[in-house]
């Protein structure tokens, strides 16, 4: 394919790849409709050794957010009750000794799913929903809660390792990782995803697609098409090192995949710790 | 068994059931050690229809916290970018139209795992760790991050439905659900869990064990034993209605279970959306 | 005056009382322009006994928010470092023993100022600013930061005590205080404020004006006029008991007033602890 | 004075300067007791021109916290309701158009007062209170709420300008400002403060005292003495540029000072926007 990426190419791809109405006018989950119960059953057959890989990164103040992208911050973890309180006798009136805590995080700040209400094309979200339905109260449509039992399967979930995260982890420096330049798929990949009926595409980068952008006319042009037009599910900031090494060792590049989102009502996505099981 | 529940019974059970050192002096995951790779493989065989049940409750301001328990609050979901901003042209300088958000929540406020550093007996946590290692910075030992790829299996994960949550949902009123009285296991259940080598025990209530407490000498006496002495993994506030109905219909009460925690560094637990797959 | 309160009356009052452009087309502080340096000097003359009254209510989980109004919650205070950590030796690596903390609060959840960007009439904010300038990033115009050294004076700051808060405090029950019914000024008061060149109006209720609303056509009709048309500064949820008692005792109902807002960039208001000094 | 700063000097100064019991065994405000009503009256006489200086810095994501000090972060400001929602018609069901917001901040992250429960010497806080009374619930003693109407006066409030903040603001780079090296008072200043009966000492740096520390035996050795032993009130991160320029111009270096803290129950301090009035 030889596409000159820009507003025109986006408009064309939108027209050609639009899945609006394909799964009903009220559909909220887009390409996750590609996963059928029989796919889940078949995927279970890939569990042969009982080896489990956690694909999330730690949620803490050492996360990848460095202020580059729109107000995002690293997770803030704070205690409500501590062991030091316990041994100082501060809890004994309550006849139990315990620790408790809170977490304040950007839903898309570390390993996460994007919900379909995350990106708009002009004034519309996926399936033709008006973007105004996503307001300060949250996503009244297309929130991540609709995918609560849908993130399970095998080959429908394409996972791409670029190695960018591993370089950052090795260098102990996130630098421009979140919000900056990155290896990733080209714009034309949107056609491939549609053709292959991919349910979800996931990478070890912050935004799946290649950066710098392939055009100056749009920021993340591939996003403009795959989310609002196609309703493609997307996973970002996946930790893939150990899984990749295992695949390289046994030459088996498929596995059972289970990455349940939290049921965040009206969330633009969810922090996750997806599991690959071989 | 005929146990008079109280400090004496707790001390005795602690002595008899203590798993400290059983899986090494540095062990951080307790009874999750019972799950072997072959158990995961066998569990996969339970996936026959590809039907998936999400066992989490929604994370939003309608959650179960009503102020009864130690400063816990319902999830606070706030937007960083909205569709209304997008259509007002407020984002166009950036050449992308999007929504983004944050979530501030109590780790144990809705459907969640407890980590082993959540409860102390006297000055000690599980495996003999000093409770002072759990301070205002978080859990320097026994945090939930150690279980990141361990919450997968079948019968080792015991799931108990009392129906209490369903009553609350029907009445649209949480009342004293979180922190108050509840149906649940008796104190003596700790012996059964040890004997059966249970990996984790989960319920649709806020604290697994029966309330009011079986004694006035301790608040949640079963917790005093199963977490610090045994290192038993615990899941709470599970949503079980649809799974239970399906089990009643097909008479099959076992399934593949996958409930990955978020990798919260030093967390006393993790919000989750566990999946039961039949 | 005999006004039939409703959309028509709002439109009329808006037309008659509009201060747009009165203090320049870039003005951000509205009626606070009424306070002149000489007023501050005169106000200082009211400090005769050196008695200071704090007019704020405590910021904690016992605050007035009960979920009635748009997602507002009571302040969440959490520790970053504690004395119990200190005495457990957890800080000694750092050669200092200390406590530290955070506060997460709704800007208008307790005693506070409203900023002029808080209320819109149709598509406009005060001084003709487009409401779209107030987006998910905050108030790009008319934020509270513009009043950072303006909340000082005497009679220009009118303070009204209804006694509603004191009843709540006595009953130890906020009930519908924040967001519900309240004693307060009638709609027609907007004409009086304009005529008297009031700089700010403050009360011990959550919204200054009387509730239930005087019409079904608008929620808080007085707000519709005084903020977007007039640019009137407003203080709410003031604690007035001790000040009122002192005034009743010495029959002096004027005082030096100093209620500096926090400089919250783009804030719709600020939590405050105003001081009345006699 | 010629003091070799270290643990020995701290112990000696603690012994000599201890104000425990000086203002009663239940005293919570330490040196603020030095301010008498007549001082407030006299201070009022300094208001001659009605010129007001705001001494706070803006509370936003451009604040001085860069991760150097114990988990502190810059203020996080988020909207609950926006003008873009309003003009999109998303609020019209409620018959009012408005903006609303929240602020999540470190109490000591920008311009602030320290409360007396902020620093401990060995196991004790000011006035002999046990440090264990400061736990994960907050400051059960010595919280900032006790100073709610005490931060008013003149010469008792010493304000020191080093110029460090102005250099940072000019360079648009906070660098190591918060938590790092700084100009400031020497250890021996504690004797001077006691002798002069200073009520509060305030600077344009993050910690008043000079850094690097004058000893390797203690971090911030002056803090070890002035807060727990003396109960000295301290203001930090004050913005002094305009005030300083005005004082240099009119040669009048005194003014009415009013810096009310928020009434944060159990707070280690309070964000403030103090006012200097000439």
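Per-chain residue numbering starts at 1, and chain names A, B, C and D are given in the order in which the chains are listed.
In the analysis below, contacts are C-beta pairs under 8 Å (C-beta built on N, C-alpha and C of every residue); 3 or more make two chains touch, one makes a residue touch a chain.
Being a predicted model, the structure only gives us computed values, none of them experimental.
Novice: Could you tell me which chains make contact with chain A and chain C both?
Specialist: The shared contacts of chain A and chain C, listed by label, come to B, D.
Novice: Looking at chain A with chain B, do both copies bring the same residues to the contact (over half shared) or different ones?
Specialist: The interface is built from the same residue numbers on each side, given that over half of them are used by both copies.
Novice: Count the C-beta pairs in contact for B-D and for A-D, then report the pair with the higher count.
Specialist: A-D
Novice: What is the Cα-based rotation angle between copies chain C and chain D, on a 0 to 180° scale and rounded to a multiple of 5?
Specialist: That rotation is 180 degrees, given to the nearest 5.
Novice: Would you kindly tell me how far, in whole Å, the mean C-alpha position of chain B lies from that of chain A?
Specialist: Chain centres of chain A and chain B, defined by C-alpha means, are spaced 24 Å apart.
Novice: Starting from the mean Cα coordinates of chain B and chain D, work out the distance between those two points in Å.
Specialist: 41
Novice: How many angstrom lie between the centres of chain A and chain D, each centre taken as the mean Cα position?
Specialist: Each chain's C-alpha centroid was found; their separation is 43 Å.
Novice: What are the residues of chain A that contact at least two other chains?
Specialist: In chain A, 71, 79-82, 84-85, 87-88, 90, 102, 104, 132, 135-137 touch at least two other chains.
Novice: What residues of chain B sit close enough to touch chain A in their complex?
Specialist: Residues in contact with chain A: 36-41, 43-45, 47-54, 56-60, 70-72, 75, 77, 79-84, 86-87, 94-108, 117-123, 125, 130-139, 145, 148-150, 152, 217-220, 223-224, 256, 258-269, 271-275, 277.
Novice: Residues of chain A touching chain D in their complex?
Specialist: Against chain D, chain A makes touches at 61, 67, 71, 73, 76, 79-82, 84-85, 88-90, 104, 132, 135-137.
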